[in-house]
């Protein structure tokens, strides 16, 4: 893996539009060195990742396959720096590293780090990273992963950074697993094209839908329907992007009216942890944006139901056993797509594809 | 390992007596798929486990043996879900998994899980389990391990559940390690039969003695003596079971009178964390239920002293160096018997016994 | 590794001067069994350790080298008992164990251990250690590592103890990494001899300088200069030791005056967590004891700048990119020297040196 330096100042780098940052984050062949933004992934990369994740998933079914995978990157060690609680994403990345044989170190609670001694966060993260070969970081602090990418790139020991969620902002691997789940859901019926994807819930504040919506623009003829109470509708910034790209999209608060035409229904929970003093979540009636047995009767036999989890009551428990309920598989997909991303970053793609062709 | 479904409703399953639940928890050959209750283990299983634990213990003494063990289940990963504090049981299971080469993930403090987002505990545990191949769980919530066994059995990805302690209720692997320690203690002097086992302390609330007492009924001619202040005596439910099985047992509060005839003395601490508002522990005189140098003089040269640990002052520190003090070895036995249980669950028994015969 | 018993009483052992304790802590060939004190390391041991650390560091650069290292002690498991917060030292030891392939268990927060049940700390640590083959412990409690060395030495299952910092007192591996950094810094220019080492900051309370100063007395013709406000000057006990050993040393509060003659500048932060009610740190002017761009101009081209980290503002961020700034490399050196210490303890020195000669 060639070490890539971000050879401009932090101020200059930070001021760039995301698309102009991408080259600084990429290896010579265009695959990510640092993974910070969902926008780093175009159609070709998304398909490569999906193929790689599929291969890893199939290889892992056999003991000999697991043995192969577990020695792939066993000489490199990963640091999980999670200063924001998240067992789900943490364990998913943890498992991905284990599948690839990477020994793991972790920092989870900054209160038990030495930050209390007055050290800057930048020094802390640089310290932790200095023992490891990859840093996967989740932080409530917007832009920390980006800043650390720049900091580490300008040391004599740069290592890749993967953003595992930064505040309200980016969570690129969640977007990747959502796309991967849609790829898998339609792989035997023509692929992810010419579909209607319905996104439901707190679209204003849920970063997963915002990222997913943008990534979907890479795929041909995907109609996007956003279903939410007006106060939680998808942001105008996203609408502008969709319009600029000529995407067919629609906003509505009438959930039932769009169910019959949907090919995928992506449910999300109300993010009331971001409520301001007007407590939007309590004053808005969200009862019409839930998926139960009645809604199950309204969708097509092939339509898939997704949810980034955790859920509250957006999806009734009775729906879980329906074969169209993809959200548990979707979660497990996160482990596979993260394995694929790490393997890609560390240059293992070809070895995996060759093993797959020879053995599976 | 054949996947076993619990193909009845949760309400029906829950209502069954433990003995009728056992078949739902067992693999085709009768060994446990899920380990929830001490009652799942009959004499034959206890002996198989003990033999397997002995084999693992002897194999582990050599470097080549550890290399063999560490590749046995290295392709499967274990989740330790411990929502109740317990370094002891946690590290014992952790070590058992490491001995068998299983990569481990852990969730220890539910406060840093995403349960705060309003997710049900059932969804949380299912999420965590979805990344792993075995879940070992300890919880203050009675019946959670049982419920999760049922839940996971009814998904398309069932995995084994091992109960590592559920509230006031069951702690089957503690009972297994106690039996294993007795097996080892008497293996050169005729085995675990025709013995007098004295159990001392808080027998009303300590679950270890309640489980041990029942498991001991599997062995021929074991006399059980329960020594406690009346308020902490063994429950009537246990007494009824012993009577029904024709076990010779006795209740007393005169510790010294029974020491000379004892073959094993099992000490326990007062479980004052279960005190109600009458604060039984403070009002009862427990000074006559401690083991010190004086008691050491009253037991036979072959009698063994056990304690599930942690201890307070039930056993004086000076007793530690006496060769009859088995409680430190007993703790380490926990690691071996848990290794054996996991190896048995994952179908590794024969390979271990063959390696033992060929190499040790 | 021969098991070494400390075959005198705790009272007698504790009362010995450190030099007289060393034989009880050493293996037959004089290398440490338990590592408790910086004073256990003489010039020969320091050089052996440095050579071993260099070898491990070079071997680790190649995939085949990492594969070699990771099987060296993979059959032994390490316990990290850190009851005092320290991500830095923790991760450094954690990484060292991973490099040598040792599976790791950890106890970090005593609040989630079973100590709440009234167990003594001695029983707790003995419990945890009973599952492992090495215990690395950090504790706010002075002398705990020493006591546990004695306790474990007197069981039927002694294991090595490495002190990873005990309160205000000893932190031997920090001293080893400081020496190693100086060894490396001068290895191409004649080695660590005939140098002037300047130590700056809170010398009264920082244990790193106190240990470093003593270890430096092993090396020929090292002049030591202590730069601090009078209230934070190096203790008289250290001065007496230096005088007794005939070391050339000097105390001053004029930082700039000694910079031109320095070969190494060791900066430290003010340890205000040890302030008493007079709040020394707030009333003393420490502005003259910081290293910035101006100080960079005052040192020689080969002079190295060290800091044990974490730093506050003792060293300006702008200094980081100067090639003389060694403190980030110094931190990483901690991982290598700790790997070397563990490898030495477990008798792997020769195998590593042979691999190095054959392959690097």
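A, B and C label the chains in the order they appear, each numbered from 1.
One rule holds in what follows: contacts are C-beta pairs under 8 Å (C-beta built on N, C-alpha and C of every residue); 3 or more make two chains touch, one makes a residue touch a chain.
Since this is a predicted model, take the numbers as computed values, not measurements.
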Q) If we look at chain B and chain C, which chains touch each of them? A) A
Q. Can we say the copies chain A and chain C touch using the same residue numbers, with more than half in common, or are the two sides different?
A. different
Q: Starting from the mean Cα coordinates of chain A and chain C, work out the distance between those two points in Å.
A: 41
Q) What are the residues of chain C that contact at least two other chains? A) none
Q. What residues on chain B touch chain C, complex-wise?
A. 63, 66-67, 70, 85-88, 91-92, 94-95, 98, 108-109, 269, 273, 309-312, 321, 328, 331-332, 335
Q: Provide the residue numbers of chain C that touch chain B in the complex, in ascending order.
A: 74-75, 77, 79, 103, 105, 107, 111-119, 123-124, 126-128, 130-132, 154-155, 157
